[in-house]
Amino acid sequence: MEILAQLIVSGIALGMIYALIAFGYQLTFATSGTLNFGQGEALMLGALVGLTLVGHMSYWLMIPLVLVFGALQGIFVERVGVQPAIKTKSEFGWIMTTISLAIIFKNVAENIWGHDDITFPSPLPTEPLQFMGIRVLPMEILVVVGALAIMLAVELFNRKSIYGKAVVATSNDRDAAGLMGINTGMVITFSYALSSMTAAFAGVLVAPLTLTGATMGVVLGLKAFAVAIIGGLNSGMGVIVGGLILGIAETTTGYYVSTGYKDVPGLLLLLLVLAIKPAGMFGKSVIKKV
Amino acid sequence: MLQIQNLHAAYGKVEVLHDISLEVPKGKVVTLIGSNGAGKTTTMRAVSGMIKPSGGSISLNGKNITGLTSNKIARAGLAHSPEGRRVFATLSVTDNLLLGAFPRLTFGRERGDVQGDLARVFELFPRLKERAGQQAGTLSGGEQQMLAMGRALMLNPEVLLLDEPSMGLAPLLVNEVFRIIAELKGRGITMLLVEQFAAAALEVADYGYVLENGRIACHGPAQQLKDDPAVKAAYLGASH
Amino acid sequence: MSAVKNISIVLAIAAAAALPTLWPNPYYIHLMVVIGIYAILLLGLDIVVGYVGEVSLGHAALFGIGSYTAGVLHFQLAVPFLLAVPASILVTGLFGAILALPALRVNGPYLAMVTLAFGTIIQILINEMTFLTNGPLGLSVRKPVWFGHQVTGTDYYYIVLVALVLALFVVQRILKSHLGRAFEALHDSPIASDCMGVSVYAYKVYAFVLSAGMAGLAGSLFTYSEEYISPNTYNFELTILFLLAVIMGGRKTRTGPILGAIIVVMLPNVLSDIDLFRKISIGIAVITVMYSAYAVTARIRSIRQLVLPLIVTISLAVSGFFINDISEHRLTIFGVMILFVVYYLPNGIMGFVRGIVVRFRPQWIHRHVQILEHGDKQHVWAVPDHPVTSNGFLLEARNIVMQFGGLKALNDVNLQIKKGSVHGLIGPNGSGKSTTMNVLTGIYNPTAGEIEFNGKIITGTTPSSIAGEGIARTFQNVQLFGEMTAIENVLVGLHHTFRHSLIDVVFQTPRCRKEKNSAEVRAASLLQFVGLADLANEEARNLPYGKQRLLEIARALALNPSLLLLDEPAAGLTAPDIKELISMIEKIRSHGITVILIEHHMDVVMSICDTVTVLDFGQKIAEGTPAAVQSDEKVIEAYLGGSAKAA
């Protein structure tokens, strides 16, 4: 029983990272119906840039700089990869361009930071805390708090500021938003900036718990796909629950079955959700007007 | 105020507007009438930048707005209340209205009296005030129409484009919509109006254009069109 | 023309067969074998990417499944080559179905996301399931021994060549048949395709499974070619290479995949040889500069459009002199190539060449098969597939409510359509007429209420099955298959008359030919009926608006419907055309087809409708004969709306 509780606690931290990346998918999907197949690479770049910066400053000072970097990286992806494809209404186009940008980023990172995984110095004590026999790393708590905080911040921004409302309006009805004088192209660029920013943030949150390296993003980005589909591409609650489900499913599979198989339940769950409720567990299916 | 010259527009390869020229003078209400598929909505969409015209020119207050994106045209002072209402379903009524004034709220400073305009819109549409906090998607059709019109007014536009404001509304509400249009006219708002109820539209308008198969078939002062036997037969007596 | 084509195909095969004798180096023979194998996979991938328009990021994994099925069967059970290959095709096809069935239920990027995840999982499974696959150590396989003769590398080249030619042949036949037409139709207009009884979902799955099967074939051939397989081969990089090959070679062609295969197989060789890389990158830069100069002077593209590719190609050429180990930057180069192809060569190399040929020798390119059948009057009307069995009403809609958010577009509507009647549906804009059409044809699932058609409840089923029951429709905003010819559009409507199977298609059995011929005669007759006989081989998007509407009617009639829904057929028609339309509707009725007509032209409604239903604000406000409805107080008010006050 204690072991199960331990597995669940570890699963939660992992799940929140997935949720945060999946949240990034939702941000761009809402405004433009596109998503960045290189979201994992945005996370990886955030972590590696953070690693380099941490050599010169404290972890806490590094975070805002990484956020800025993430936002710029997102703008780059949108301008180079997504915008031209949106203009030609080509789904194939944006999928291919974001993938190719992703492999370019990965390759460049390999050439800058090398092929090997590097440890990321933890800003918090690495001694686990004990709660009723369950060991929790302080960093795991930071992951959960940090992930929730940034999602909440984005939500608040969307609800309170006029720019946030413009973002929601664009995702409701892009043409009508344009009629309000909202530069919807800019809103989409902005959503990519936000999305990559959250991914970069997820990167520096998860890095002290795992190792950093050019290949760290691929699997994380993939898991977050599963989370986004399981929870629903348009449900904020969905990604959190989906992330938790997947995170816990992985730690328990890893323990009870085999660590080699820990990535399998995610896909099975993914196929199952698509087969039963294609819009996701919490997603609303949209009736397309003809 | 609004001038359209030799406008052409196409969906894909099919040209649907051929050589449309019309003019909306300041403070006047001009209506476009014609059967379904004649190109009324397409004209509106081309003017407000929702589609790019394939030829011709459009100017607003002497400024050339041809081919600009819709957000730039809105910033130039043209508000368009689109066909089918298109309110932002997940946002509240108040947020919808504030977004109508979006160009006046950016960069951290408010231009003009946005709160005062909001109060005036609520005064014009008391129903909206009752529903201020409600999600726009849960409003009834008539309320959504009022919201769409109110939202367009929030821009303080030079010209207001109203596309089928009575669409899908119960007769009582249709009367209400026309009463509001008349009231807006009384306040000196320049309007281009597309309506399927041609008789009512000509009643409120100063001038009218008749569209047929993407061309302007005839035009004239509203009163004159109303008495024109050909127009009468084709559009006014539709159900008699 | 087709003789020239046949001769060139024979010559190409002969040249391919002669290659090993001209170039007996085993290394090159092996490369050609790999090219052939990749080409088979790419032909299949093109069905998904090019024809159906979905993105698969799982073809490397499917390729791996094919490889490992053959490998495991050989290694664990010593199954012979000729059994292992078909088994691989079946197993891989099955995996394709498991993936496609859930992932294609929703529109959007889901297939890409699911297949990407699938790729990773398959690699993990191959690594982990050591009892079957021997894990990361890989499997060793020997080429088969036939009649005491050990098959050599050169022999194997011929085996792959035969497989490739067969694959080409089969794919070509499938894509030229009604199946290929269905793939193109669903890509062009999914809604129209569903309403013509061609289920978008079913045919997308069909395409994906076919494509998976071909990946399985390629995979199993690969196992015997390499004689050793290990999990790391089937990685994400390979998927990217496959996609690069398909789009670079040229989608929707047979030559494109072969060209693409040559490029991606040669690419690693180019990248491992720095001198060769420098030469080629300089060559590309020179070509780009020359093309840019040509394009700017010929005003095909503006300088601004060309700045980016110029910078990229020139910097690629320059970077060749600063980098010593290109393979380190391999992925960057792939990435740049994909970006380049997506933006500047969207139709691939073959598409680009075709574009040039069209410019100078348009008569050489036939985008469409010309169908020159002549229609006649007796083939317009077929015996209906859907005999009317119900008594009284053909269709009954009971208490239909359709809600969008808080808005009730239809509020408790009841409709009863008499057999053999023309039933008018009128009302102001936005009153719910088109919503009614969409509910009746299954595009919307009503919030409440049920619809009984011909004695069956059809609510809750799909548009394609409703079409199959015998309800055909036209669309208010025309939904034709724009890139297909008029007659091909009608043939999509006749899809239900093709009862033969994939096997019949591949072997072109007499049954297949007979059905094809009678469908073509029928299609030509239907076009003649609506007066479009002269425009049969014209692309639908090039027809004038009014003619497009008539083509929709012909296409709907092809479904042999017992109920035909016409949504504003007179919009965009001139007065004489409208007269034609009225007599056309009369003829349709006289052949026992019940018609529901939405129309704004009152003269049309009044002259042919038996019953008229008036909708307003999502509710039925009047119903009866045209004359009765016309004098109804409520109707007058609804139509005049605001002017009631003014008057």
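Each chain gets a letter, A, B and C, in the order it is written, and its residues are counted from 1.
To be clear about the criterion, contacts are C-beta pairs under 8 Å (C-beta built on N, C-alpha and C of every residue); 3 or more make two chains touch, one makes a residue touch a chain.
For reference, the UniProt names are C = Xylose import ATP-binding protein XylG.
Because the structure is predicted, anything quoted here is derived from the model rather than measured.
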- Message: Using only alpha carbons, which chain's centroid is the nearest to the whole structure's centroid?
- Response: C
- Task: Please work out which of A-B and A-C is bridged by more C-beta pairs in contact, and write that pair.
- Result: A-C
- Which integer distance in Å separates the CA centroid of chain A from that of chain B? 42
- Query: Where the centres are mean C-alpha positions, what is the separation of chain A from chain C, in Å?
  - Reply: 33
- Among all residues of chain B, those touching at least two other chains are 89
- Note on the structure: Note: in the complex, chain C contacts chain B through residues 405-407, 409, 428-432, 482, 541-542, 544-545, 548, 568, 571-572, 574, 600-602, 616-618, 630, 635-647
- Interface residues, chain A side, partner chain B - complex: 162-163, 165-166, 168-169, 172-173, 175-185
- Query: Quick one: in the complex, what on chain A touches chain C?
  - Reply: 33-35, 37, 80-81, 84-85, 91-93, 95-97, 99-104, 106-108, 110-111, 218-219, 222, 225-226, 228-229, 233, 258, 260-261, 263-264, 266-267, 270-272, 274-275, 278-279, 287, 289-290
- As the complex stands, chain B meets chain C at residues 12-14, 16, 35-37, 84, 89, 137-141, 144, 164, 166-171, 174-175, 177-178, 196-197, 199-200, 203, 213, 238-240
- Query: Tell me, which parts of chain C touch chain A in their complex?
  - Reply: 49, 53, 55, 57, 98-99, 101-103, 105-106, 108-110, 112-114, 116-118, 120-121, 124-125, 127-128, 191, 236-237, 240, 243, 247, 328-332, 334-336, 338-339, 342-343, 346, 404, 434, 438, 443-444, 475
